[in-house]
Structure formats: C-alpha cells, structure tokens
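Residue numbering begins at 1 within each chain, and the chains themselves are lettered A, B, C, D, E and F in the order written.
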Amino acid sequence: MRVDGRTNNELRKVHIETNFLKHPEGSVLITVGDTRVICTASIEERVPPFMRGSGKGWISAEYSMLPRATEQRNIRESSKGKVSGRTMEIQRLIGRALRAVVDLEAIGERTVWIDCDVIQADGGTRTASITGAFVAMAIALDRVQREKELPAFPVTSFLAATSVGVVKDHGVVLDLNYIEDSQAEVDMNVVMTGAGEFVELQGTGEEATFSMKDLQSLLESAQIGLKELFDIQATALGEIADKISK
Amino acid sequence: MRVDGRTNNELRKVHIETNFLKHPEGSVLITVGDTRVICTASIEERVPPFMRGSGKGWISAEYSMLPRATEQRNIRESSKGKVSGRTMEIQRLIGRALRAVVDLEAIGERTVWIDCDVIQADGGTRTASITGAFVAMAIALDRVQREKELPAFPVTSFLAATSVGVVKDHGVVLDLNYIEDSQAEVDMNVVMTGAGEFVELQGTGEEATFSMKDLQSLLESAQIGLKELFDIQATALGEIADKISK
Amino acid sequence: MRVDGRTNNELRKVHIETNFLKHPEGSVLITVGDTRVICTASIEERVPPFMRGSGKGWISAEYSMLPRATEQRNIRESSKGKVSGRTMEIQRLIGRALRAVVDLEAIGERTVWIDCDVIQADGGTRTASITGAFVAMAIALDRVQREKELPAFPVTSFLAATSVGVVKDHGVVLDLNYIEDSQAEVDMNVVMTGAGEFVELQGTGEEATFSMKDLQSLLESAQIGLKELFDIQATALGEIADKISK
Amino acid sequence: MRVDGRTNNELRKVHIETNFLKHPEGSVLITVGDTRVICTASIEERVPPFMRGSGKGWISAEYSMLPRATEQRNIRESSKGKVSGRTMEIQRLIGRALRAVVDLEAIGERTVWIDCDVIQADGGTRTASITGAFVAMAIALDRVQREKELPAFPVTSFLAATSVGVVKDHGVVLDLNYIEDSQAEVDMNVVMTGAGEFVELQGTGEEATFSMKDLQSLLESAQIGLKELFDIQATALGEIADKISK
Amino acid sequence: MRVDGRTNNELRKVHIETNFLKHPEGSVLITVGDTRVICTASIEERVPPFMRGSGKGWISAEYSMLPRATEQRNIRESSKGKVSGRTMEIQRLIGRALRAVVDLEAIGERTVWIDCDVIQADGGTRTASITGAFVAMAIALDRVQREKELPAFPVTSFLAATSVGVVKDHGVVLDLNYIEDSQAEVDMNVVMTGAGEFVELQGTGEEATFSMKDLQSLLESAQIGLKELFDIQATALGEIADKISK
Amino acid sequence: MRVDGRTNNELRKVHIETNFLKHPEGSVLITVGDTRVICTASIEERVPPFMRGSGKGWISAEYSMLPRATEQRNIRESSKGKVSGRTMEIQRLIGRALRAVVDLEAIGERTVWIDCDVIQADGGTRTASITGAFVAMAIALDRVQREKELPAFPVTSFLAATSVGVVKDHGVVLDLNYIEDSQAEVDMNVVMTGAGEFVELQGTGEEATFSMKDLQSLLESAQIGLKELFDIQATALGEIADKISK
C-alpha cells in the first residue's frame, strides 16, 4: 500500500470548482489530493506581435506558486527579478498542450491567457494545472463563442494530464504525491486527449534509467488515470462538455 | 444610499477563514466584500543580516496580486522582472504596521514572513491584507510560543486597517469598494490598535485637498469600522484572542 | 532645547536659490539646515501613453541621492539595477502632491518632469524636495505660459511640506533633523496648500503608536512651519508668486 | 527521399573533433550535418551550495547560440539581460541527462561545468549538444581520474541523444534537420544509455497528437540512430572508451 | 576665434571649490566653463574580494549625470535598470587613472570610493571628473594619513586630464566645449602626471582619421592646458600640495 | 627573446579563414597565435531608431567570449543578466573603428551587425576582433553591393588593429600574448587605416606611466605589425581587396 493508502493505479481525490473567481472569463480551483491550483482563462482581443495578421488566435500560459504553497517558504520570482528555468519549462508545457486541442483559426485574432497559480503544493502541480486550465479555457471559449457568435466551438477534444512513476518497493504508480515524487526513480508526465492520443510525453530518469518495458507499464497506468480525469472534467463543464468530442 | 446599498458608516461583509492552507504556520483567507486575500505567516529561524546579533526578531511582508484578480488582466511582476512602486509601498506599510504591535525582543532572533496574495480585488486590498495578516501572524506566533516555550505572548495589541474617503454626493464613507475608490476625492487608510491608538495614517487628496474638519469626520468613520474588525478578528482567533490585550 | 539649539516649533534655516542650473526650464537648490537638494523641472512636449489624447498634462517626479549625501556611502541604485522601495514611495509622493495644485488641463498635453537629487542629507529630504520642487515647477510653468501663451497660470495654489514628530523628552517637534528623526517615536509628513488644505498626511508610529490628541498637536506644529515655508517660496519666486493665489 | 537525400532511418553525417580548444579540461567540436556545437567540460574544485558537505559532485550545463548561428540573427541573451525559457529548458535537460551516467560520489566534491555553444544551427542542436558534451565530459573526467587518482572511472555508461519525428508525406524520420523540424507534426528527443535504457523521452505533438503505435515507430527509429552515435563517440574517445561499459 | 571667444590653446575658466559637502572624507565642486561636477572621495576600511589579504588598497570610481545636466533630459540609469556602456567606460577610466598616482600598498587594505556626479554638462565631463577627483582623493588621503598615522603620503604625483581635438576651420583646439566636441573630427583625452608622463591617451577619429603629425600637435596643446590645471589643483589643495612631488 | 621565441617587432602567426559559417553574409575565423575569434557580419535592412530617415546606414558591434575561452571558466554575461564594462568598452570600440572606413551614406538605410565571439583567448582579443571583423564586413558589403546594385563599394580603406606595449626586460614589443599583456607596464591598442592614418589610439599605463619617447617607439612598432596585417587581410579577401584603396 502507498504512503497515503492508495493502490498503485489509484488517483488522489480530484475536485474541480468552476467559476471560482469573479473577474476572469473562465476560472476553476482544482484540488488533487493536497495540491490546489487556481486556474484562470482571460480573453484578450489581440494576439502577440508574431501572430498579427495571421487570422489565428494564440494561447499563452503562466504558472506560479505562492511563496508558502510549499513546506518551506520560497522566495518570490518577482523579488528575485527573474523567472526560474523550472517555471518557464512548465509555462511552455501548459501553453503547448492546450494549443493542441484548440482550433486557433476558429478563435480568430484573440489570445487566451492561462494563469495557473498554485496555492498549495503536494506533487503534480504541472499536471493539475493542465487539467484545471483545460476546464477554465473551455468555459472562457464558450463565452467567447456565445458573445462573438463563433460558428463552431473551437475546442476540438478533451485534454488532461497526470504523472506516473517508478517508486522503489512499489513499482509503477499513478499520480505521485510529493513524497513519492521525491523518491521516484523514474518520473513521467503524460498529456493526452479525450481520444487517447498523446500530446506530450516527458519521461525522466532521476539519476536512473528506464527500459522499454517500464515505459509500457507507465503508459498503461497513465491511461487509467486520464480516463477518470476526463469524466471529472466533463462533470465540471456540464453542458459545455457536450460541445467537445470525446 | 451607496452603489452597493450600504450606509456611509457600514463595512462590507467581512469573513476570515483561518488555517486556509496546510503548510504555513499561520494562514487565513480574508473576504471583504468581493476583495479576497490569502494571508500567510511563515516562521524562519533567523533574521535578516542587519538584525543579526541584536537578540530581536523581525517581521517582513510581501504583497502580490494574481494577474486576474482585477477586471483587466495585469502582467505579472515576475515577468516584468521588477516589483512596482505601488507593491513596494504596500509591502513596507504592512510590515511596519505589524511590527508596531509585536514585541520583537520577545520573539527572539526569528523572522515572521507575511505573504498577502490578493486572489480577487474590489478595493481595499491593502487594508484587508493588514487585517488578515494580523490574524495569520497571531496564529503563527501562538504556535511559536507553544513550541519554543516563549514566556509571554509577543503580540501586544489587536491591529486592523480600513479605508475611508470623501466621495462626491455621498460625503465621508467607510470601507470603499473599487468603484467608490476610483471616484473618491480624498482617500485615507487608517491602521489602528485595539486600544484605539493610530499606527499609520495615510490621507491623500486625489487631485483634490481636504480640510481639518474633513479629517475629523474621516477618522470618526474609520473608528466605527475598526471596532467591528477587532471583533471579527477576535472571533476568528478564538482562544488565542484572550492572550491579546484589547 | 533641541540638539541643534532650536525650539520645538522652529524650522531649520531654509534657503532657496533659484535658477541654480543652466539647462532646465526651472531649477533650485534648496537648503534646509544641512539638507541640500537640487530640484529641477523639465518640460516635455508630450504625455505618457496612458494620458495621450486626454488633452491634459502630467507631472512625474524622480528622486535620488548622491552616494555620499549621507554619513555612510550608499550603493547607487543604477549599480544595483533597481530602485528601492523607499525611493519609489518618495517619487510617487512628490508627483502626487504637485499634481494637486496644478490645473492639468491648463498645461495641455505636456509632461513636467521633476527631478529631486539630494546632494547632502540630514533628515527631511522628501519634504525639502516637495518644497523646492514646487518653486522649480512654478518657474518652469511660468516660462511655458509665456512661450506658449497659455491663457491662465496653471498653478492653483502654493504647496509646501514639512515633517513633525514626537521625540522622547521633547514632545512634539517641527522639522526633524537626522538625529531627531532616528529617535522619533512618531513621524509625520504634512503636505499642505497655501490655503491651508491638506494634500497628503502620512503619520507613522515607529514601533510605537499615537493618539488623537498627539495628532492634533502634530498638525498644529506643522502649520506653523508651513506658513513660514510659503513666505520663503514667495520670496524666491518674486513676481511669479503674484500669479498664485495664497 | 528526404529533402537532403537521406532515407528515413539515416543519420546526417556526424563528426566529433576532440581537444578542439586549448584551455578546457575536455572539449569537442561536434558536427551533425550543418549543425555545429562547441562542447567543453570544465572542472571546478567545489560544488554548488546545496551540495556542500554531501561528499558528492555535480554536473551543471549551459547552452547558448552565437547570434548568427541561425538564418536570421538573434539578439544575444546577455543584451536582453535574461535567458529565454527555451535556453533554460535545454540547459536543464543536458545537465540532467549527463548526471544519469556519472557516479557523482566517485567524482568527489567537484563540479563539471558543461558549456554547449552552437556556432551553426540546422536542427537538432540540443541532441548534438548532449552527444558532444558526453565526449567532452569523459575526456575531462579521465584527466581528473589520472590527476586526482580516483579509484574508478566515474562514467558508468555511454550516453547519446537524437531526435525523431513524424513528417508529412514521409512518416517517421530520424535526425531531423531544420526544414524537417519546422514541418514535423510530432517531434521527439530521445536520450539513451549505451545499454539501451532511456534517460529522457520528450515527445511533443506540434499542434497535433500521436498514437501509441506512432510512439513505437519513433522509438525504433531512434534506437537505430543512437547505436551509430555510440560507435562514433567510442571512436572519438579512443582508449578512454574502453573504460566505459557499453 | 572660437565659439566662446577663446584662443586655440586656452582653457575655459576652471574653479575648484574644496570641502563642498559635509559628509565625505574629501569633496570638491569643479567648474570648467559651464561643466560642473561634484567629486567626492569616501574611505572604506576594506577592499573588494579580489584584493583581500593582499595588503594593498584599491581605488574604485563611479560616474553619473543628473537627468537634467544636459540640454535634453536623460532617463536615469537607475530607472533603466542598467548602466550604459559610456558610463562604464568613463568609470573604468577614472579609477585606472587615479590608481596610477597612488601607492596602493601605502594606503593599506582600504578602498577609496570616488563619485563623480555631473550636475551641469557642457563638454569635457570625464576630464573635469578626473581633475576634480584627484583633489578630492588627495584631501581624503591626507585625512587618512593623519588619522591612521600612515608613514608616507600615498599620492605619488599630481594628475589631471583635459581634452584636445581637431575642429573644422580651427585646427587643433584645447578643452573642447559641447558645441566644439560635437563638431570635432578628432577627439583626444589626455591624462598626465605632474611629471609630464602619460597615464592615458585616448584618441578617436569621429568618422575621420588623424595622422602622426596631427597627433603631435594635439599632444603639445594638451600639455599647455595640463600645466595650468596642475597649478589650479595645487592652489586648491593648499598645504596638502606640498606633500606631492610635482 | 620573448616568452614564445618571437623578436620584439614580430607578430604572432595570423590566419584568416573566410566563409567559416553558413548563414551570415560575411564570416571569418581569425587566428592570432592562440587567440581565435569568430567574426560575422549580418545585414539588416533597417537602421536603429536614432538613424531612421537619415538616408545613412549604421554599423553596430557585439563582442563576447565563450565561458571557457580562458584559463579559468568565466560566468556567462547572460547568466549574470548584465554585460560587463569591459565588454561594452570593446563593443563600442569595434563599431566606432569600422564606421571610420565605411561610407555610411553609400550603404543606405541598412545596419551591419558585427559579432565577434572569442572561442579561445590568449591576449589581443579586441584587436584580433577588429582585424577579423573588417574582413567579414567587407565580404558582407561586397554581397550587398552586388545584390542591391550599389553604385560604389562603400568600404573606403583597409582597417586593422594590433597591440603594442612596454614589457619589463624587453622594452617595446608588438602583439602581446596573454603572459606579456599581464606583465606589461604600458599597453596600447592602435587601430589604423591602410593609408597609415590613426582611427583609434588607446594607451594605458598599468599602474605606471609613459613618456613622449615611449609613445614614439610604440607607434613605430605598431606600424610594422599593421602593414603585415593589411597584407594578410588582402590575401583573405582576394578579388574584393581590389575594390578597396590601400
């Protein structure tokens, strides 16, 4: 049994509270075990310079942690005057993943700004961010569709993310919490569409390596978790979910 | 009647949820109307270089807003690579105010890090931050007292803050929301102890001025609000409140 | 008697030398005791982006100290690569205060850049900056009025600033020098118009608090000093002073 | 046939010139088609603060491009004053990959600084950097072993990297050049040990997705290329290669 | 005749006011025509890290301009967040020049911080800075010698600087003002000791070139001006001048 | 005899490999003894803001060193987040020198970006950069002339640079390597045109001084070296050399 009593292929308890904030076009508070992330989607009626005149939209993501989201307080990146490599890597991942399931031409020359702010961290903050941000983005784009009378819903598929890993004495486990994550020999983040296609696959041996066979076990475990996450997203989205092909 | 139906000397609805987060030594979610701030207090077992060897502790505050706490999305200060003048001014104010009601010698060579992160903004974020941060700090210092067996509780008095202002057609009003704040001719933040002593008084004519008589009316209104806030803080603190002289 | 022989309600010796520099449209060297500040006012024929098309002007202030204005040499903010919170707070205060006595519509789409550079510091640098900057600004705007044939003089009132404080064994004192400032229990900066209206009031208990009665004594003392400062400004401005209602 | 005449599973021409520079403990110029990277390994006789006293060493990597390594000139990151997210992501990847095949305890409290400077870019700069950096590092650690009389050679396995992708009309291809890379629907970087174990797997759908079957084809193609790269590394290393288990 | 009525080998009017500021160990206000620079010398009882334990002292210089020292207002380098190339070049020049006439061993492990702040600019600010800084430094080191009882005066020679140039229709001229400087074809700064030895020679063709013969004429003119400057420095230094060999 | 066996007026072995890189309009690898610099010239079809509408072109230079170009590894300026004073000084020197031999009107509103990246350093990197950059620039402008059908070749003269110095026990020496440079009492960089006119002359006493007679010896030695460098440049440029007057 795992440190928090779960079986190897069991997700932590996941909850998605929609419309958590008043101002953003879309917002959720996603809770995955003790990891909690505020995800918002904001619509801006223009695109970055490199996209201007293309007729297409853009999705850009930012990620941050409150200083005391973690066991030890972290220095704010605004105080340090620069954003860490880890933050940049996560921001790029979230944006790239969401763009894979949106028809950018259909949204027109608009930017969807995704903000993922971790208020409490216990492992899996980047995958929770993607899973939550997808819901916030769908809510915001539903509003854009209605207000701007877009002919079709620009979200082409569900999208969720989870982590899997190889942990000593346990083998392959799903949805690692912080303790498991810090002991894992292999750590893999899987971002998948509702149709079962991969969008991102990032596997890392932590001063260790993994074989082709390990890879297969990891991907099978991830698929079990992702199916559950698609259902939780659909429930949170209510009627909007019907507009997205699974 | 005011834009949200309040009378001139009426606070917005205030709620303080304690122990909102898992990791910090003290944390609250304070809600003042539509303004919501996560305030945490973190204990660090050392002081900044300029205090080392003094035998005294220190209290340092940081303040930030989520990008979409506001009607329009703001660029993150970490992305800009520098903290704005407004943020620095607020951070300095929060730290200074809290230090006025703590016996720094009694806490020993420790730093209390205060983090105020505004997740939703509708006016009065700096005063809500002070009011909430006081509660988070008291919870954290209670824990320090118990764990480190401090002889006395280092918090010497209650402390809360509110805003008052002169708004056209309404005169002096208490606890301005965002709409009122942007129309106010005079804007004043009052930080007061439970004993009715001032800690900070910051009054500003917004392209306008105010007389000695205006000042008196403003301070009277502030006192009405502050008394209510002390009661709300005491309720939130429960038994810890009994350790602080009112 | 105070450390430098003054009585409690006595200003230090104040002198304002106008047209101290050759290039700026307005410039003064203000001396308040041992505090000396070069204040310049520069006219730019455009406004910041957020004001464009408004038909109104803007006043923006910057403040700095020479590294060796103080007892100990300070590291330049340009070397550190960032402006301190204290500097930003002062810059914002100076700009806000001056804007309160200028008819921004009357100056048209122009910016008045105020630069206050402290060449020698002995307490009260921010209040000396405001008092001196007012004179530099009036000189510069007089020139704008003449050259651009503005129908009316855009300065609506005199403006000066001083500090008051509560110092142990002395009670309420006016115009604190550095030694007094570092020992003060309460420190208050008062910015007032020639008509006796407040523009800014910033009172701070330095690890101390102050009562309503203290506040009244402090404000009375400030008014004594401010009246004198208005006279000194008027003398320095000569004929230009006649264009400003007192 | 591919744009440069290669078959789908054919690497570009690879050459590794060892001891390219005079000063570094290890250095190579690696050429992969038109991509050319100078990789150096520098030994520092201490570790970063977070490793001090651990008895273990560290490997840290930096990556940069000359401004005119590319078709269009890029602004230097030193001129911009910050390192881009892409650069940080690559630096972290190189360091993490190399650490997987080094016994950090065996090197003692030393840091190996890896610098990968791309002088000419035509796709695959990060994988060429890893492949080249491995050789530079092995040369440097061979020298450390001899000079400091380390009991065992701290490099535990060969390590190389290549890219594979899905390109329209071609299907799965090995070692993408810039034109292919910019047209690829799926792009995957594979870092593998000489023993055939994965160290990193980073697959990304570029506004597209990929199936489990695609994944298998991609990994098979990568393995073909990596085997060749291990041979080229071994030839370049000469006698040092015999100290590393394949 | 030149634009301001001087002959070709005539300096502008030079004045050096010593002890211009209260706090620094040495300070002057140097006036060269309309160029005015505050030069201070501050003693710090330690050296930079790279000099520690060497038994020798160090001299470090910083240079800045008030924003409105010039015809057009300049943006502060502290606001820009970085120091310009021009500023750095001048700072390095001033420090290097002064170190040439100081026995660094004789001052012990101390740093002399030189600050040159241009309050009014009309050409030749860097040479006025060197000439003024030399006097401020000599005053400060005289004080160190007396207070710390140094056996010998550590200043080994006088040091001054001036500019010469080739200006169309005038030929070689001495001590260029701003108008001349902006029209000069060749611009040369000469730093020389009281013994007539060069310390720095920086000649630049401004989109032009100069011959060996031009060089000789330029250096002759510079020597005429520098002799005068040594006399003005000696007068300003009074008795301290007697301690320095000419 | 000198440390590397040369006579006093002997250059190190110089080699210029043209078209070293694929993408830039002009590129060379210049080797001067053990100093090796990649110099590229890139054409941009616009000028910096301050030149727009002038009808003239601009030449801008950047200089950098690989971290391990030197005996000890240097921290990258991109990691430090700012460019050092030394780098800025060199960049400004290279750009200024090249602009002296180009008819900026003839190139039209274009910028030539010069990048000098030192891959191996053994003294004289700035002079090698100028000498190499001249060749890269001539190649790039030859291409511009042909492609844009410029009426005349915009390069008006050859340009090269070398260093001379006074080294103890050797006297005046030409083309100092790193060991000589670090022991030199006087160090002078001379930039000259093919017609024997000076463009830049920068002589510095390193905690030492130099006389008029020293200056003459230094300049004679420099001229010997520069003549050789012009020949090497001409050979490298081939037919392009015929378009430049010597």
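What we mean here is this: a residue touches a chain if its C-beta (ideal position, glycine included) is under 8 Å from a C-beta of that chain, and two chains touch if they have at least 3 such contacts.
No experiment lies behind these values; they were computed from the predicted model shown.
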Touching chain C and also chain D, the following chains: none
Most widely separated chain from chain A, with each centre as the mean of CA atoms: E
Rigid-body rotation angle, chain F and chain A, from Cα fit (steps of 5°): 120
Most widely separated chain from chain B, with each centre as the mean of CA atoms: F
Over-half contact-pair match to E-F, picked out of the listed pairs A-B, C-E or A-D: A-D
Chain E against chain C, contact positions shared by both copies (same if over half, else different): same
CA centroid of chain A to CA centroid of chain C, Å: 52
Gap in Å, rounded to a whole number, between the CA centres of chain F and chain D: 33
Whole-Å separation of chain centres (CA-atom averages), chain B against chain F: 60
Junction residues of chain C, two or more chains touched: 81-83
Neighbour-by-neighbour ring order, given that chain E leads and chain F comes next: E, F, D, A, B, C
Chain F residues touching chain E - in the complex, by the definition given at the top: 82-86, 88-89, 91-92, 96, 99-100, 104, 188, 193, 195-205, 207-212, 215, 219
Parts of chain F lying in touch with chain D, wherever the complex brings them together: 21-24, 27, 34, 38, 40, 42, 44, 62, 64, 66-71, 73, 76-83, 87, 113, 115, 117, 119-120, 122
